[in-house]
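Quick one: the structure is below, questions incoming.
Going by the order they are written in, the chains are A, B, C and D; count residues from 1 in each one.
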Amino acid sequence: MSHKIAILGASGYTGAELVRLITTHPAMRIAALSADRKAGQDMAEVFPHLRHLKLPGLTTIEEIDFSAIDLAFCALPHGVTHGFAKSVGGRVRIVDLSADFRLRDGAAYKKWYGLEHGAMDLQPEVAFGLPEIYRDQIARARITANTGCYVATSLLPLVPLLQAGAISGDGIVIDAKSGVSGAGRALREGNLFCEVNDGFSAYGVAHHRHMGELDQELSLAAGRPVTASFTPHLLPMSRGMMATIYAAGDAGEVHRTLADRYGDEPFLQVLPLGQHPATLHVRGSNQCHIGVVADRTGGRVIIVSVLDNLMKGASGQAVQNANIMLGLDETAGLALSPVFP
Amino acid sequence: MSHKIAILGASGYTGAELVRLITTHPAMRIAALSADRKAGQDMAEVFPHLRHLKLPGLTTIEEIDFSAIDLAFCALPHGVTHGFAKSVGGRVRIVDLSADFRLRDGAAYKKWYGLEHGAMDLQPEVAFGLPEIYRDQIARARITANTGCYVATSLLPLVPLLQAGAISGDGIVIDAKSGVSGAGRALREGNLFCEVNDGFSAYGVAHHRHMGELDQELSLAAGRPVTASFTPHLLPMSRGMMATIYAAGDAGEVHRTLADRYGDEPFLQVLPLGQHPATLHVRGSNQCHIGVVADRTGGRVIIVSVLDNLMKGASGQAVQNANIMLGLDETAGLALSPVFP
Amino acid sequence: MSHKIAILGASGYTGAELVRLITTHPAMRIAALSADRKAGQDMAEVFPHLRHLKLPGLTTIEEIDFSAIDLAFCALPHGVTHGFAKSVGGRVRIVDLSADFRLRDGAAYKKWYGLEHGAMDLQPEVAFGLPEIYRDQIARARITANTGCYVATSLLPLVPLLQAGAISGDGIVIDAKSGVSGAGRALREGNLFCEVNDGFSAYGVAHHRHMGELDQELSLAAGRPVTASFTPHLLPMSRGMMATIYAAGDAGEVHRTLADRYGDEPFLQVLPLGQHPATLHVRGSNQCHIGVVADRTGGRVIIVSVLDNLMKGASGQAVQNANIMLGLDETAGLALSPVFP
Amino acid sequence: MSHKIAILGASGYTGAELVRLITTHPAMRIAALSADRKAGQDMAEVFPHLRHLKLPGLTTIEEIDFSAIDLAFCALPHGVTHGFAKSVGGRVRIVDLSADFRLRDGAAYKKWYGLEHGAMDLQPEVAFGLPEIYRDQIARARITANTGCYVATSLLPLVPLLQAGAISGDGIVIDAKSGVSGAGRALREGNLFCEVNDGFSAYGVAHHRHMGELDQELSLAAGRPVTASFTPHLLPMSRGMMATIYAAGDAGEVHRTLADRYGDEPFLQVLPLGQHPATLHVRGSNQCHIGVVADRTGGRVIIVSVLDNLMKGASGQAVQNANIMLGLDETAGLALSPVFP
């Protein structure tokens, strides 16, 4: 039996990535694709790399008959999914790739996104969508708020460590680097090839939007307020993300804690102590690789975490969340190995 | 039932790509991996992106028990597969990714590769491995000689056109461009990042080795000797290949001939007349996209053909050939969509 | 004594490149910089890489006092320089980087650019700006029409060969490839990093705008109408351009003709027969490297020509033209070696 | 009058960069070029981008007549300059781009480089070659030990801050990223295009060789032992380096300290408080850009420093040091603006 899937916002990179994954998923079938500004076009016009697939045409959201949809992936701009989630009715499950349901507190949402939150009353039906941390909640949720890519890269190592007390919550530094696809397909000068190629820059230093969800989850894990230093950078590459994390803690204990916690996870690989990973080793896959190295300054540890921002950081994670919500094998449709080189 | 597969030369890029494909193939199972200089190591050491897979360790070829192997992919250097094919015995099918069995004539092999051919007597068991052209021969062959990537990119459009007389055999120009992975993982100054990045160069102008198989197959298709101008170039990118082909012919007839011939092929997409493809639209997949445009100079046509040199140009094509040889669904294990961006 | 220079259109890549060159030029001084949409800003805001320089602020063209300007570089969109050239008065010399004065025929201009030409009466004061071909005319001109980058790359080898009859005018194929900076800083989806990186595509196949000037100059050189096949492609790199040219002719004679013609040129290097150049070997410099190889098909020759599209293909060429117009040493300000790697 | 220059180790990237700079230097002339393994070749064979220059041929060091040399740039492997400096005699000044004279303590040299230091007795004639910090010492030195690229990027902001007490010496984190040219032209699998392109990785985590000089200079500046956390990463680009530095201190005071200290420096640009720089904005130039941002965690500051590793991080810095040693204008030969894009 195939679950009927709608992808809302199919003309962006995460939308295209969802199509790539779901068209080979054994228990999902794409029933509708929306893209408001490109409604009426074929996916092959918007994404010629999907030319070989038989796909529904792009429509507006309004044209979709949601009575024939089991689950909707919302790859929409921030601020749009609220209204959709309230109007669509409780029968349709939602995996939201935007930030709309990530913050458990309306005031925090307003602070970071500048908008009133229109659907805080839905919070009881929402799970924070980091499968390795919130698997049980996701299984019961109607709406899963997919974790942002920077935050997923950081939380996957940090949450178990803070929960176990293996690192201090004070003085954590997260130096994060992302490929350009994290910025989407928007026309901005900073995303032009010549502005990025053969160069490297920081951006949003000390005030990036994703800090809201980062603070929230780190503090939950530690059981007290935690505020990390966090600097995002833009890499001259399309896909891939790394967080280099500096913290106070014993490297051996840090490594043991992560290896124990994630030993059976299909999408998390904890490298042998002293080794560290590269983004190319996860590109195109749903894998996250984590390395732990003792810093030469006593009592400090360096943790390196990598994933593909469009996969484990967005669409792959979304399919994993959907698998959990629908009671499917969590790895269904996600068994692709990385594409190297 | 799963066919037991050996991959010989598993420490190169095409070997790793075969592992990526076969580990999700529904009817194949990797039983042995060889890599002479890295025998004794794990694949995860040689290719950390395969860390999440359970794989046999790397061995020498001699250590493999071929009585337990159904089909061997040979991703070995030129000149090595001859001996293996003779010694292994007729029970084991072979898909050879080297040039060793592509030339039907020993003198041509010696001219282009500088070696005596040690196994010309096996020719009756050999098929030229371009599935869309030689499907029937491949189905009956014990050994399939996978087509080289440049030659596959060129022959897929040119063979049907020469067979149909839709273009002239005279004055064909093939301006070809390849990503760097086509050069393999060998340590050569010209393959260093700084020598390639942000730059573009031709190489092997007028004397590239692959011209032997190109001449052979173009002449067979035309029914008379055909010698095209052919210039390979190196692109500052990892994967992807384009041939821009200039020929005398009518664009409408050229387009019709290709669209008719390839309309039902799962891995060939002929674009609408006047459109032309990009390498990013096939990256990571087994697809080949072909575009046809009328040149503004009367009576001439420009044909653009793209594929992923490691997939349809090497390992993907090899799996497709193996599927045909083993009587499997030709698309088994190859339904991956391109990875974009 | 320093000539007072205005750069009109200073907020584009060619404008910034002019600033880079002129600020170290021994006999030029930047007196005015215009950029209509960014008037009022500093160059350091628009181009932070020029932060260390003392430069005039950006203004509108109207704000510039041209009585204090000796020469204006016009890096403006097509169709704008006509009006400026008519209004500014004959005292100010102009090097025009747009296509506005390249076509000697108003009908051709209308065909390729879709605009009526508003200043055909200025043609007697105009020179076609390819210094190695039209040096004497440039020395006498008030307006020099800088050659487009694709056309400069092609004409530098082809004009002497057609003039000398060393190649046939029939069946010339120019397969051209450009870095992305040739497209300027405009916000277009096709120029986004993720749409270009790690990929390669053709564009404008059989109908690129620059064909007008190409036809004009090839025909002038041959003394009869010449129409070449010409396909531009987009390389995943910022700077650099290559034309791979296929023609009927004897390689030895072709090489001798070019070596004789260009032996004393400071910015043209003809490689030894059989060698061919790479774009990285000219990046950032005003050099053009040309290689000649005999094709294996008898009587045909492959010519490879490379330059930096922003330098010898645009701003470097413009400074060279200005040097000639002002009676300066032709190499003044242009002695920079390529930046490699 | 022109100083006669020898470049030892001219076949590497820093050697080629020295040639690029010195051939346009108003008061230096290249008199000899050595490259032991390539002795007998022309530079144009080893570096075709220098084809347009008239240069001495490559020789061995032994073939050079040092009585006709005023200053030698040593771009040799670690461990080789010791012997040269002792044997050449005190008349020839030396700028050493290797690490051989950077460590003021023989035991530290042995710890980090695994070699006995053969020339500790020359220390009285040696200056640590960071011009903005050690200008006076360099002016008096016979041997200047050019600072390593990572260390220069870090020390330029950190030394004045530690000297002034504007930041704490405890808990400094330096997250550093380098383009691939920092690794030189050596044939290593990790430097192959396909291993680097479109990917990002850390290396030498917690035990990189340059930590010796980093510790030494940070401790000198602070007046007590300082050990920073330092992680180098490899960027998929050719040139450029960034250090993102996290420290305890007040952003306003940090910014003021740097702006005061560096306000008149020709090669250091301190950006307005709150802004941060990009590597592309210094590529190909001798500039270093530094930005300061207040961290959102109270009392902490984020400092971003960028330079071109082959210029201000190696050959440009070396020419600047040589200018000081020879009593020339410190900016001679170094007035090149960055190449963007």
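Convention: a contact is a pair of C-beta atoms (placed from the backbone, for glycine too) under 8 Å apart; a residue touches a chain by one contact, two chains touch by 3 or more.
What you see is a predicted model; the values in this text were computed from it and never measured.
Fewest steps needed to get from chain B to chain C, stepping only to touching chains, is 1.
The chain pair with the larger count of C-beta pairs in contact, out of B-D and A-B, is A-B. Farthest chain from chain A (centres taken as the mean of C-alpha atoms): C.
Chain geometry summary: the mean Cα position of chain A and that of chain D are 39 Å apart. Chain B and chain D, compared by their mean Cα positions, are separated by 45 Å. The centroid of the Cα atoms in chain A and the matching centroid in chain B are 36 Å apart.
Residues of chain C in contact with two or more other chains: 13, 181, 194-195, 197-198, 236-239, 277-278, 280, 283, 341. Across the complex, chain A is touched by residues 171, 173, 175, 177, 179, 194-195, 197-202, 205-207, 211, 227-229, 231, 233, 235-240, 242, 244, 246, 276-280, 283, 293-297, 300, 302, 304, 341 of chain D.
Per the touch definition, chain A reaches chain C in the complex via residues 13, 180-181, 185, 187-189, 191-198, 236-238. Listing the residues of chain B that touch chain A in their complex gives 13, 16, 19-20, 23-24, 47-53, 181, 197-198, 238-239, 266-267, 269, 271, 277-278, 280-285, 287, 289, 335-341.
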